[in-house]
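Each structure below is given as structure tokens.
Both complexes shown next keep chain A, but they swap its partner, so chain B is in the first and chain C is in the second.
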Partner chain A sequence: MTDMTKSLSLHLGLIALLLSLNWLLPSYHHGNLARIMVLAIYAIGYNVAFGYTGLLSLGHAMFFAAGMYGMALTVRHLGWSPAPALIAGILSGFVLSVIVGLLALRTSGVAFMIVTLMFAQSVFLIILYFTEYTRGDEGFVIQQAQRVMGGIDLSEAHNRYLAALLGFGVCLMLTWFLVGHPFGKTLIAIRENEERARMLGYNVYLHKLGAVVISGTISATAGALYGLLFGYAGATFATVQYSIFPLLWVLLGGAGTLLGPFVGTLFMFYLIDFTSEITTAYMLVAGVALVLLTLFAPQGFMGELRKRALGWLP
Partner chain B sequence: MTNDKVFSKSRRNALKTLGLGAAATTLPLWARYAQAGTAEPIKVGFQAHKTGIGAAYGRWYERTTMAAAKKINDEGGINGRALEIVIEDDGTDPKRGAEVVEKFATRHNVDVGFGTLFSHVVIGSAPRAGELKLPYFVVSEGHHVASGMLNRHTLQPCITDVKSQVAAMAPFVANNLGKKVTMIFPDFAFGHDHRDFFSAAIEAQGGEVVAKIAIPPTESSFTKYFPKIPRNTDVIYHVMVGPAVLTFVKEMGEFFGPSRPEIFGFIDSLEAVDINSPGLEFLEGTYFWEGHPRYAQANQTEYDKAYRAGVGVDNTGASISDSKDIATYAHMFGCWETLHTIKAGMEAAGYQSTADRSKLIEAVEAMTDMPEGFAHPQGAKLFNGKTHQVFGHQYITKVSGGRLNLAHTTSIEDTFYPDEVDYTKQSF
Partner chain C sequence: MRPVKYVLAVKGLSKVYGGLRAVNGVDMLIPEGQVRALIGPNGAGKTTLVGLITGRITPSFGAVSFLDQDVSNLPAYRRISMGMGYTFQITSIFAKLSLHENVALAARRRGGSVSQMDSAVRAVLEEVGLSERIDQLAGDLSYGHQRLLEIAMGLVQKPKLLILDEPTQGLSSGEVSAFKALIRNLAGNTTVLLIEHNMDVVMAIADFITVLNFGEVLAEGTPDEIHANPAVQSAYLGGGDAGT
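Entry: the complex of A and B
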């Protein structure tokens, strides 16, 4: 069995496992996993920029929010049905990521982090500024009747789970295809040694721009799906902490691994869910977990697995 | 999560080992619980702002809730069953709030969800409560319930909403402080609600808003905004929130000096803050809306006395055990009263299990008058079952000698506005 076959089997196997869990999980974990899959899409998007291209963004919440509001505002104010609204959300993220990419990629390193942070803060303030339309910090509900797509009620538990799985599966396999494609391999080359990639004749700027656009668009897909499946859009999702979350998920799960974002999101979700029952300092626990992981498994769960046992993991 | 059974299994076991005398004192309570069809407690999921921006409120909401639960259990529980409060921290975050509601419904299998304050958490959580058919009793004062934005499973039966609070202030402001008002408010949804609702209400009283000064939420200094206040202003209406309020008051004092217009504000910004804190001297002689007067007043009722004693608050609104720990007194009564309303609703519905959740909602929808009493120490109320929103008295206090003294009590009728929704037409 070739490495590619093994890899394909593993990723399709995960999707099949998640599909079977739709009928096996108790309702509590069933609901959690639907949410985790949507958030994992966000982490997958972040991983394309950070894990595979080495672009450490502190502003990805703007893409998530662009998708969420692109979807939700068209539903609320234009009366769009979920399918075109979802596309509007994804397109919003695409357009924003092109604009941000064109400007922010004029910087690198720490400056890139600061510029993305500032752009994200601007998006957050724009949401507040147009409170008349966005309901600002309070946000607004996307009613159950507005979440029926082609006769399928996305607020129903199984439909929600399957929709989340569909989104997750598509994004996972898209990135699987991406990292095996010469474009993806060039991104990895840029991450490893940008100057060498440039010297070899690759257009580093365009590749980075492509990475930011793919990353932002996938993140926006997560935002649009989140609003659609859980019925709420609010400015909180554009705050700094929602830019930090995908970084943590990806670091925990393994930056530059395809399954890392899912594993990290799953781990962090249950870590917070469990520790918040014990202490109000649950984010401290999450922080300690991250420090320990950095010390003893700096490449994250899947990164360590790849290093120690499964060298073929993409 | 904390399970806080006032009558936990371990305590019952301990009681069994006590002597006959001690057992006799608790026997009537046992007897009442023994009459219930099931020994299982009624579980109320308390969505608490233990962390995040709402933590100061959350701490006092929790204390009030636990005190009310103790009282209810001491009096025999609900339908002969003990009341158990299941607490989950929502981090004052709408995403986590929705997760907590799911956890209540699908893991803890609580009978109802309860206690949320911050509007964005309510709005983020309510859709999931509706989808999971979980009765969701909020203590938020947001207009989101009565606006029709939410669903039939979400109710606000014991704290008035911002629209009625603001509207009820207009007659007092116009008749006692002046008719030309400058509004200073945070430039986000909460501030915009005040701007829109008060502007309409003061115009109905023959007054006018001469300037609307929106402060960006990231602002930390306010001196550049004060020159925008028109010279003909009779009253400044302020509703700043967050830690910057102390700077706001101090800088406003420095700007006006001894000669200032009348000033009226909402206590929200100074909940859990000592009115005698350094920098707040300028508030002397100004007026505040309070949902429930922080300082015990000359006309204090026996209900307020019992409520303060139950929660552990002294006559200045501070914790009995720590005079520097100031309560969020203007809002937290809502937890006490809502828990009593859940009890009343369950008893009216003959509530036995989660299968009776719809009956509970219908029973609460059927409620109208809520007379002042030990269950409603803040005052009498009138519940509107169609809009799922309660209406009640509002209190205006004046800062005088470092105290907040009652200056005016509105009528319930002052808080009315036309219905915007009829939730009873929605199916379960």
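Entry: the complex of A and C
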């Protein structure tokens, strides 16, 4: 079996496993996993910029929020049905990432982190400023009747799980294709040695812009799906915290690995879930786990696995 | 006689850093197929000059024309994609990627099918003697092998002008001989601009030499002419028997 067929079977295998879990999991974990898959889409998007291109953004919540509000506002104020609203959300993220990419990529390193952080803060403040429409911090609920897509009620647990899985599967395989493509390989080259890539004749700026747009659009897809499947949009999702989350998930799972975002999201979700039952200081436990991981597995779960055993992991 | 076609024409190229003129009014013409060596003492401005030619550094004054086209205002990546191949003085490879992927990144930009690209990569690694290590990580190679990989990445682009910045630095004497043979193989097909400290290499493979001193062209000529030039000897060779 070639490396490519191995990795293709692994990724398709994960999707098949998640599909079968739809009928096997008890309802509590079933609901959790639907949420984790949508959040993992967000992490997959973040990983394209951070893990594969080396662009450390501290403002990805703006893309998540753009997707969420692009979807939710058209449903609430224009009465759009879920399908076009979802597309509106994804397009909002696409447009925002083109604009932010064009401007923020004039900087690099620490300046890029700060610029993306500032842009995200602006988006957050814009949401608050237009509280009349967005309901600001308080947010608003998307009614069950507004979440029926082509006769399928997306608020129903199984439909929601399958919709989350569909989104997750599409984004996972999209990035699987991306990293095998010359464009994706050039992104890795830029991450590894930007000056060398430039002196091989690659237009580094354009490639980075492509990475930010793909990353932002996938993140927006996650935001739009999250709002639609869980029936709520609020300004909390545009806060700094939501820019840090995907960074943590990706670091835990393994930056620059395709399965890392999912593994990291899954781990972090359940870590908080378990520890919050035991103690109110659950973030402390999460913090300790993070410290231990950075000490003993600095490349994250999948990164370590690739280093030690499975060198073919994309 | 057909008119000589210049692959590279540099006119009045200067770079001023504060009060220091690192490169000062350099004119240089490199005809097609020539192996041109650029020599000079440390700090003479050789790497800066090459940086100006490739577009890594913005010139203060002057113009660069490549393949009869003025490229003075083009960014580095455009000049590279027009056919300048550049290898770094300080080894610059993709340490965490395999040798194959390192060379493939250099080859891929030229287009062509995956199998063509793959055979080009294998051929060039064979040429520099690294084919057995094709799946190793570039960062695990010895320094000398990394230099060879760097040269392979330049060669696989089949550039119109191959710029080599001190390619033999850190190579063993056996590897240096292999390198000389490699460049001699290219002679006539590829135009080469070579910055080199090793005078044995320069005398063996250069068709023509430009000597840079304090950012200015001190002398130009064939290896024999340069070797006999008293100004060059006092500035650089320091005596008369260096390099022989």
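In the analysis below, the second predicted complex is superposed on the first by the 314 of 314 C-alpha atoms of A that agree within 3 Å, B and C clash if a C-alpha of one lies under 4 Å from a C-alpha of the other, contacts with A are read in each partner's own complex, and residues count from 1 in each chain.
Criterion: contacts are C-beta pairs under 8 Å (C-beta built on N, C-alpha and C of every residue); 3 or more make two chains touch, one makes a residue touch a chain.
Bear in mind the structure is a predicted one, so any value in this text is a computation, not a measurement.
By the touch criterion defined above, A:G234 reaches chain B but does not reach chain C. Once the two complexes are laid over each other on the shared chain, residue contacts for A:S122 go to neither chain B nor chain C. Contacts of A:T275 after superposition: neither chain B nor chain C is touched. By the document's definition of touching, of the two partners only chain B reaches A:Y28; chain C does not. Taking chain A as the reference, the larger set of touched residues comes from B, when chain B and chain C are compared. Taken in their complex, chain C has these residues touching chain A: 54, 56, 76-78, 80-81, 86, 88, 92-97, 101, 104-106, 108-109, 153, 157. The touching residues of chain B, counted against chain A in their complex, run 1-2, 50-51, 88-89, 91, 93-95, 98-99, 102-103, 106-107, 119-120, 123-124, 126-128, 130-131, 142, 144, 149-151, 187-190, 192, 216-218.
On the chain A side of its complex with chain C, the touching residues are 182, 185-186, 188-189, 192-193, 195-204.
Against chain B, the residues of chain A that register as touching in their complex are 26-28, 30-32, 35, 125, 128-129, 131-132, 135-142, 144, 155-157, 230-232, 234-237, 273, 276-277, 280, 282-283.
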